[in-house]
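As written, the chain order gives the labels A, B, C and D, with residue 1 at the start of each chain.
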Amino acid sequence: MREKQIMAQFMTLPEAVAQNLNSGDTVAFEGFTHLIPHASAHEAIRQGIKDLTLVRMTPDVIYDQLIGMGMVKKLIFSYAGNPGVGLLRRLRDAVENGWPHKLEIEEHSHAAMANAYEAGAAGLPFAAFRGYKGAELAKVNPNIKSVTCPFTGEELAAVPAIRPDVTFIHAQKADRKGNVLIEGIVGVQKEAVLAAKRSVVTVEEIVDHLSAHPNACVLPGWTVSAICEVPGGAHPSYAHGYYSRDNASYIAWDKIAAERDTFLAWMKDNVLEAKPEDFADRISHLRSPA
Amino acid sequence: MREKQIMAQFMTLPEAVAQNLNSGDTVAFEGFTHLIPHASAHEAIRQGIKDLTLVRMTPDVIYDQLIGMGMVKKLIFSYAGNPGVGLLRRLRDAVENGWPHKLEIEEHSHAAMANAYEAGAAGLPFAAFRGYKGAELAKVNPNIKSVTCPFTGEELAAVPAIRPDVTFIHAQKADRKGNVLIEGIVGVQKEAVLAAKRSVVTVEEIVDHLSAHPNACVLPGWTVSAICEVPGGAHPSYAHGYYSRDNASYIAWDKIAAERDTFLAWMKDNVLEAKPEDFADRISHLRSPA
Amino acid sequence: MSQTDFTPTEMMTIAAARALKNTDVCFVGIGAPSAACNVARLTHAPDVTLIYESGTIGTAPSVLPLSIGDGELSETAVTTVSVPEMFRYWLQGGRVTVGFLGAAQIDRFGNINTTVIGDYDHPKTRLPGGGGAPEIASSCGEIFITLKQSRRAMVEKIDFFTSFGHGEGGDHRARLGITTKGPTLMVTDLAVWRTDPVTHEFTVVLLHPGVTREMVQAECGWTVRFADELGETPSPTEIELKTLRDLNARTKAAHSGGKTGEAA
Amino acid sequence: MSQTDFTPTEMMTIAAARALKNTDVCFVGIGAPSAACNVARLTHAPDVTLIYESGTIGTAPSVLPLSIGDGELSETAVTTVSVPEMFRYWLQGGRVTVGFLGAAQIDRFGNINTTVIGDYDHPKTRLPGGGGAPEIASSCGEIFITLKQSRRAMVEKIDFFTSFGHGEGGDHRARLGITTKGPTLMVTDLAVWRTDPVTHEFTVVLLHPGVTREMVQAECGWTVRFADELGETPSPTEIELKTLRDLNARTKAAHSGGKTGEAA
């Protein structure tokens, strides 16, 4: 049984990060191409939180940034790349050269991670699935084990449930009771929130009523710790119905991240000296027609 | 790997039952109060298909009817009752008195059945969940076993996946490609269809476009064997957006099913000598305002 | 202002409703629990989250559902999820603070039978079975039970352990590795019972107005334990009674009209 | 009418597209596989079901997605499900007939490495990792692979078994209890390869127009096997080429405009 649930609290993003993310935490900033919580990750960087264990199926630009800023002790993941562009250069620098410091790696397949989040949401200690057959990750990752079906004798792969200390996601809307609506490509965000001890949701807007389809992906307010209105908070990722993906920014990142000094200069200008309110400007030219 | 998928075929309900349901099959007529496939069960009764193993979380009136007509060898279930009314009298007569013949019982909890359908849909041989603790069903049902978490050592309950030969469901709509939309209380129907070798879906109407929410509960046409347009096909259950539940019929069933001869007379008049097209009339007074 | 003109069933429902808090997330059984939970929502606990096993989360029906899957539950819910998700993410996920159950047969330790009367393989009466109860009993933070007292329902020894309460009492739950509290409260038409913190036997702590110890014992199949400091259940307030009666009247009108399922 | 003016990459994409049937359910990798799958859909296989691991089922994008989660995939899909459901019900559930993969490094038995160049713990180059590939390779009915040939990509021995093809060949899949076919087809910019039914080694069965055996061997790190009856890949038809070029032009216009993600 979890601790008694309370209604989501509305607050600023700096407050939400300060109250919910601590150095040493295991944290997921989840998003599957769509709705990636850039604003939250940038706020975590500004607050200088250290020794994080980062979890995500598809670490991309924000994880490159967190790693490059030296905030990450360990990365648990299944595919690390800049979608449609290439490799993550800060991640490579950490893994290949130990800069700015060494990075511990726990690597899975997508199926394993998706099942592990699902098991976390379902309160189970592990997930069983048919996977990793002949795959070498099972040899280098001691957290890949097996269970045997008590009815058929089939051996299945087993991985521990993912249970982050805190999960950050970005969503389209919340209503005034803190109920959150996610639409379109919903990814693994519902599971990532339900699996976590605490959760922070940034949203494009807060509305009186969600007017959601009965079977839409909705997180009730009492499953969320904090809600912050941060328009554009997914940029350069996108928010279905609000603004499109800023592909130019993803392409530009490859060059920015290529060298340590260009990376650090960019982080200073665009993250350390910026604030959550800046995201709204960044997506003004990408807004969807109303 | 399943056999190659083909697009759902549109046909009449008598054709769909004849082509997909055989004596000796394991069959699920699923529905969770909402969207119960009455018309399909009645057609199965008319075709006199025997020796069935019936599966369902919540067997109610149609299972009482199938059992009372002597078509059922075994029942796999978790809650057998006439919702809001009382017990199932034909089921009781079979279990307590062996009329019209003995009935084999495999009894689970809802959590076990829901997980077992989910495992069937997911292609797994079994489902693991935290359940049956101190519950006596685990002593009388040999299909309740356990697995041990390889990470924590916790012992969890395990049940075999449900994999029906055929699943029947009722849904609101299909489009002309056979894609099926289920809205409102969706129950375990998606899992029951995906877990089955074959599936028959009766729908209120066939439309040009589903116009479904991106994250609505939709079964693509290539996951369904046959689609039959049977307006009112859930009566006396209901179809969200089309017609309401006929509570009077559920209450009346208790008296009809109380005695063998009143039961048989009712079945003759309302099932054996009726046809799928009769369902439309039965819901005319229950239609939702447009 | 408290009322004096009320039935034992009304007192039962209202006393049960009072036990729910505004912050609770409650898995609602059908029948008496459903009435109590909705009275709570309509009086002191407007933000209580009611969950029915049909997948409806945060539902606020205007009439009591006849079944756990009535259409209005989905129409008024914050969200409606699939049944597998309900049992995996929400119940097993540890999200539910209170499970509210009825009982066909119950013993002094809150063990419940809704499976069979008589032998399992050759039952005298085949009951509906457990449904969600086995895992509700083990996964919810605590369990509230409400039922009308009778010697047939409240028995020395139940015929079948459909759902586990405190077993043979004491630390039996803990010995089975169950970490939730189990039954902590029982509200009948005669009294409010709490489980003893050590023996985990149900103990009468409040008698409803006008009820005596003897009346409670007369309708109970085991020797009843009474608390040393036995109190009286506060009578229903005017607003509690009006809320319950209005709810029942709306429910009766809706269900007899034959148009309950949904009205989209 | 077949065309003579086309690039090797165009030939590769079109030859790969031809392998998909109208009844296939295809799990689409990003990059070259995505182009091939959408050309198939826009030419001979209008009802092919394309699934991307972001959860979009039956998608029909007008431009090629830059990532597996572009907004248009969801907008045009029959349905969009969660990622756990995608991997559980759809991939593991045995619903996918063809998995279409690219490869950073591949060997003659269709084993693929997208994890590291060099040692795993001290890599020379850290690649993105497997993503969905390990279970796509084992759960789909069969696997099609498409990549541009080079000695760096097509190697005698891969550095890491990210996803399993036919292992060391022969019945290696069966010995591991894998019941699906694994890699059956590889389409490069120079040739079409099929796996030998016994050894399961990739064998060139068709050379693209103008390509020689020597050209194939020059860009492959292992000693290439050629079929006894070696054929020539039919040149792209006018409609195939126009379809691919229009798709690429639309894609380029959309992605350079910075407004790809979605446009609801």
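Couple of notes before you dig in:
What we mean here is this: a residue touches a chain if its C-beta (ideal position, glycine included) is under 8 Å from a C-beta of that chain, and two chains touch if they have at least 3 such contacts.
The model shown is predicted, which means the values in this text are computed figures rather than measured ones.
The minimum number of touch steps linking chain A to chain C comes to 1.
Pairs B-D and A-D differ in how many C-beta pairs touch across them, and the larger number is found at A-D.
Centre to centre, using the average C-alpha position, chain B and chain D are separated by 40 Å.
Once the centre of each chain is set as its mean CA position, chain B and chain C turn out to be 28 Å apart.
For the pair chain C and chain D, the distance between mean C-alpha positions equals 57 Å.
Contacts with at least two other chains are made by residues 74-75, 80-81, 88, 92, 139 of chain D.
Counting partner chains per residue, chain A shows two or more touched chains at residues 118, 122-124, 129-130, 154, 184, 186, 191, 214-217.
Contacting chain pairs (ordered by label): A-B, A-C, A-D, B-C, B-D.
Partner chain B is touched in their complex by these residues of chain A: 122-126, 128-130, 143, 145-152, 154, 156, 158, 160, 183-184, 186, 213-217.
The part of chain C that touches chain A in the complex is made up of residues 23, 25, 47, 49, 57-58, 74-75, 77-81, 88-89, 92-95, 97, 139-141, 179-180. Chain A meets chain C in the complex at residues 1-2, 4-7, 118, 121-124, 177, 179, 191, 194, 212, 214-216, 218, 220, 222-223.
Residues 32-34, 57-58, 77-81, 83-84, 87-88, 91-92, 95-96, 107, 109-111, 114-115, 117-118, 129-137, 140, 154-155, 184-188, 190-191, 217, 237-238, 240-241, 243-248, 250, 285-286, 288-289 of chain B are the ones touching chain C in the complex.
Residues 30, 53-56, 65-71, 73-75, 80-84, 86-88, 91-92, 115, 120-121, 123-135, 137-139, 160-164, 167, 172-173, 176-178, 255-256, 258-264 of chain C are the ones that touch chain B when the two sit in their complex.
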